[in-house]
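Here come two complexes built around chain A, the first alongside chain B, the second alongside chain C.
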Partner chain A sequence: MSDARLTDPAVDAADATLLQKRVDRRRALGILLGGAAVATQAAAACSPVAPLSDEEREVKLLAWREYIKGNYRFMTEAERAETIARLERIAKVKRGVDVRIQSTGAQPGVEFGYAFNISKCKGFRSCVQACINENNLDRRAATQYIRIFEMENGVVDLEEADATFQHEVPAEGHFYMGTQCFQCANPPCVKVCPVGATWQEPDGITVIDYDWCIGCRYCMAACPYWARRFNWSEPEVPVDQLNPNQHYLGNRARKTGVVEKCTFCIHRTRQGRLPACAEACPTGARVFGNLLDPDSEIRWVLANKKVFRLKEDLNTEPRFWYFTD
Partner chain B sequence: MTGRSLRLGAAGLAAAFLALGCGQRGGAPARERDGGERVHNIPSSGAAIAHVDSEQAARNATREPGALETVTAGPVAPWKGPGGKPFEVALRTADPTTALARKFGTITLQTSARARAPDLGQYPCTSCHLGRKITLAEKRIPDAHQNIKPQHPRQTGGACKTCHAPDNVELLALQSGERATLDHTYRVCAQCHFAQANAWAGGGHGKRLDGWQGRRVLMGCADCHDPHKPALERRIPFRAPVLARPRADDP
Partner chain C sequence: MHLWAFGLSALRSATTGGRRYHVWMGTLTLIMLVGAYAYSLQLRHGLGVTGLSDHVSWGLYISNFTFLVGLAAAAMMLVLPAYILHDVDFSRAVLMAEAVAVSALVMCLSFVVVDIGNPLGGWHLLPGIGYLNWPRSLLAWDVLVLNGYLAINLAIPFYILYSRYCGRAPDKRKYLPWMYLAVMWAVSIHLVTAFLLAGLPARPFWNTALLGPRFLASAFTAGPAFVILLLSFIKRETSYPIAEGAFTKLALITTVAAQINFVMLGSELFYKFYSPTLHGINARYLFFGVHGHHALVPWIWTAIGLGAAATLALMIHPIRRNPRYLAIACAALFVGIWVEKGIGLVVPGFVPSPLGELVEYTPSLVELGVTAGIWALGMFVLTVLVRVALPIELGQVRSPYLDDTPAAPIVRPRSSRVAARDTGPVRTR
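Presenting the complex of A and B:
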């Protein structure tokens, strides 16, 4: 048993000074109950009936410390590093995979924008495939962030649109329009969250702290674009298909009963790369870039093409434009 | 008749190099490579192929933001990109790691026709076209350009020599009399498709490779479009596979 690995300096320090300084309620409860839990486990380990292996005990302890941690937004850098180390260790122990979880912050002077060319999209769904692989989406429930709607030429009518088409595309007389999270500048989903588990980052990406989400699904009801997905069961991703390049606010492992959504591939875009959907698109229908950079492609599209946004009258200010050639 | 066929053949040979997906069907045998996991029979659809490459994933994760690891590129003339800044276009290369596929994360997406050149048994053109007249016997080589059925440019009644230099099989001909290499197909295409070329230079057409930040490298026209048949082919869309295995807690 590697006690050194489990040593949690912050908790130990808090333990030592519990009586001398103010400790918030959550942390104090965590320390007290955590001690009780560890004692129980230690007792169980001694019993001949059901001894816990070192790894099982380690996972339980890690899971407990995960359970009592705070909201990601208010963590210090040290606390973030600790929780990431724990999450990586849990992935290693439980699934045997070496994941790398980033906590990369927003770049200054960057606000992401997306443009979708409805003249170009042919409905191949390569973006959907790339998204599933990149974001470790639940293979069992076939979760998808992106939906491609097939619509008859001449009208944007989402009620008559078909998102489940499965025939040779592009179909005659039809066009294709993809939706995903639009990363609204005035996001209704953030407003309704009762616990502050979802918020807008400085670069415009609306993110979720999966460990703070209580699964009430208010945000799903509030989103006019049906961009959020709920995990009715623990997402299943085969180990050989798992993407180890992860972000705390993005594609790391989700659990049962929490909401997830598109984050413009936060683990890629904050490193200067394109979202997986834009990179995978074989038609060049997807344009991604920095809205604050006047030399970016997205700004060229906004300045030179006919653009519109979906349900613009709702004042959600999506950072996602549709355009035609 | 013979002269015309010869020109057609010469043009076609050069063009087979550009063509997206025609070569394999037409029988140009792809050379076998070691490394069985590598898929090099690229379907003309450019379908993304799920692929696990943890080594590449690790490389991608450690590299600098915006760094373009696998792309060789050259400057574009005469267009300027957004902000009036010059940009680059991806070049074809015989290096298989670069040419076969661009890999990122845990997936390999083969959206580029650059992969084709090293796989074409007929490339370079001068392996057959030695600068002398091709005899009738040589014309009966079964692989020679049978796969090319030009559909473009149909409206303008274009012939092979509209785009291919009659005096050099490796070069493309511009209407101005200039010559362009096969890496600069955009110069040929833009003579008619100027609206698309402007959008390409600005950012509304085509694909930027790898990142939104850093060097701006685009794919060339013939990386996506088969010059002899430029429209994308219809195909069955991707459908997400669903795990069939029941969960442990299922009734």
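Presenting the complex of A and C:
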């Protein structure tokens, strides 16, 4: 599993020097343009036509700084702290909410894996609801990362399955199978991104920098598991339902025109908690854990159950297994 | 000095003309304005105003993009014999073909831009201040090859026209190496665009080795077909001398390419339907419909019908040699391939989704408006380019700073009505 990882320390180091240069250049540009922006804003402030309040001006300046920032993957720790401070401030001024955005990195010796017990799932979709609440998914478009497919006994065929069932579950003679992002070890979505806005973290989670994504949707075409979602219009989450515990690479506010996806609840799992879907499951069908920990439940399942993965022939090496009792 | 005069005279050429010319340009401007308004709606509300969804995440925009890349590439089909094989018949047609390439590229790049959800983040692509994921991402390759191709296709005709304008013969040693490069580049832009789709195992409909060659064959059908339509219009409306031989050869190229295209389509159909696998369901959706969903079925059969009829007609010598029938056949091929390689190629890749869910796609009014606007933009660019190039090529326009300025012919009987347009069969009367 871990040998499938594509990181090479030498390449990383070379990348880092290169990117340092890139970042410096960008910073210089930023200072130049930022100065221009401040001047424009000062002029606007003096004009009698559109008097901006202090807060409006602050948000505009913050938004400009956000616009010229770089790709999160290549930011220094200081730059990460700065952008997080800006994003938290924007949330406060624009929506009046106190959000906490983490930048917790991958923990050493951790590679996440997931197993799904087909025998136990009864199609309640508590996981779907928990995921919506936890990850601040767009309520207006009813975005969902998790699909639960209802299938007739005897046929494991997604094409004949129904993911939009609206009746009492479990239905007689049917079983259920859930899909979400499988956090592939060989992710086809990552290599197609023209701007490197999506990548695989050392703990195996494939993440997106929502502010670096240009919204070309090539990754959506490349994903064999239909795991990625696009913000077709301004995402809406009512303030009273907003989860303020956020991660830069996870459930923070998204904007129109960018792609998002399941991150195994990166803001929870990197702090040693279960993903919301696994925690919410009332039947115990969901097993989550550290693949590098020999005593973990996921390792026990992999060692003792007959497991399979979806579309093995595509060589994507999902970190998501199915098994039965 | 010459350059300034060149710019001014180009502007003059592009803005003067008869009533029909102004009506044509006015209509295009109107359609572009409608497109701009539609795009402003999309910018304000997001791509949600299109018919796209998480299931069908690419639609009309990318369909037009894949088709037009082919049109741009095919222009080089004419450059090849004209400049490398020293075929005189073609040399006059080549500038027109390059104009077609440039306008097709302008449309391609516009379709990509309007398809992007976060166009303000476009600078993220720029190496240096952004990050271009090259060579891993095929889309990064496409960004490079398309822009490079546009630069070459602007530079070569500009050099040739500007030399003539300054009263010099263009120096072959200066532009021929670029021409060779452009020919190879033409093949590359189309292969890269095909690989962009073919490189996705997630979409078995595209994930076939034949996609690249099929793209080339269909491009070399639709491209020369369009150039034939353009040239026959120019020949009819202006005094620009285009040899009959150019038409004969173009028609031959079109016919052979159309035949090869059909062989490849046949191979594809055999592969998908002789031993149908689960992976063939997208093709089944396209050609026959699946579970009562068959939005594309009438489109694809119309396209195949048009293509087959036109190909058969072109194989009969008397028909191919008759300018009127030739034009009708070319228009039919052009439209047929637009469907086959546009929505008939892109949309079925998404229906059903990789998880077997069947969600269909219908473009919205906004999408249609933007698409019409971009086509109008392309035709506008093409008209301007042809309009600027023709008088220089005819020797009617020369730099005023030349010592021995040959007096420009004062009487320009028909050339004042020059206009380039997508001559459909209706206009060939």
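Here is the rule we go by: the second predicted complex is superposed on the first by the 300 of 325 C-alpha atoms of A that agree within 3 Å, B and C clash if a C-alpha of one lies under 4 Å from a C-alpha of the other, contacts with A are read in each partner's own complex, and residues count from 1 in each chain.
By our rule, contacts are C-beta pairs under 8 Å (C-beta built on N, C-alpha and C of every residue); 3 or more make two chains touch, one makes a residue touch a chain.
Note that the structure is predicted; figures quoted are calculated from it, not measured.
Placing chain B and chain C on a common chain A by superposition gives a fit, with no clash between them. In the superposition on chain A, A:Q271 makes contact with chain B only, while chain C stays out of contact range.
Of the two partner chains placed by superposition, only chain C is touched by A:V258; chain B is not. By the touch criterion defined above, A:W64 lies against neither chain B nor chain C after alignment on the C-alpha atoms of chain A. Contacts of A:S233 after superposition on the shared chain: both chain B and chain C are touched. After superposing the two complexes on chain A, the shortest C-alpha to C-alpha distance between chain B and chain C comes to 6 Å. Shared contact residues of chain A with chain B and chain C: 233. Residues of chain A touching chain C in their complex: 22, 25-26, 29, 67, 71, 74, 141, 147, 149, 157-161, 163, 179, 188, 191-197, 211-218, 220-226, 228-234, 255-259, 314-315. Interface residues of chain C, counted against chain A in their complex, comprise 45-49, 52-55, 57-58, 112, 115-122, 124-125, 128-133, 136-140, 143, 196-197, 199-203, 278, 281, 349-350, 352-357. Touching chain B in their complex are the following residues of chain A: 100, 117, 120, 122-126, 128-130, 132-134, 139-140, 142, 144, 148, 165-170, 233, 236, 238, 240-245, 268-274, 276, 279-284, 287-290, 294-301, 304-305, 323, 325.
Remark: chain B residues 45-48, 50, 52, 54, 57, 60-61, 65-67, 81-83, 85, 104-107, 109, 111, 199, 202-208, 210-214, 224, 232, 234-243, 247, 249 touch chain A in the complex.
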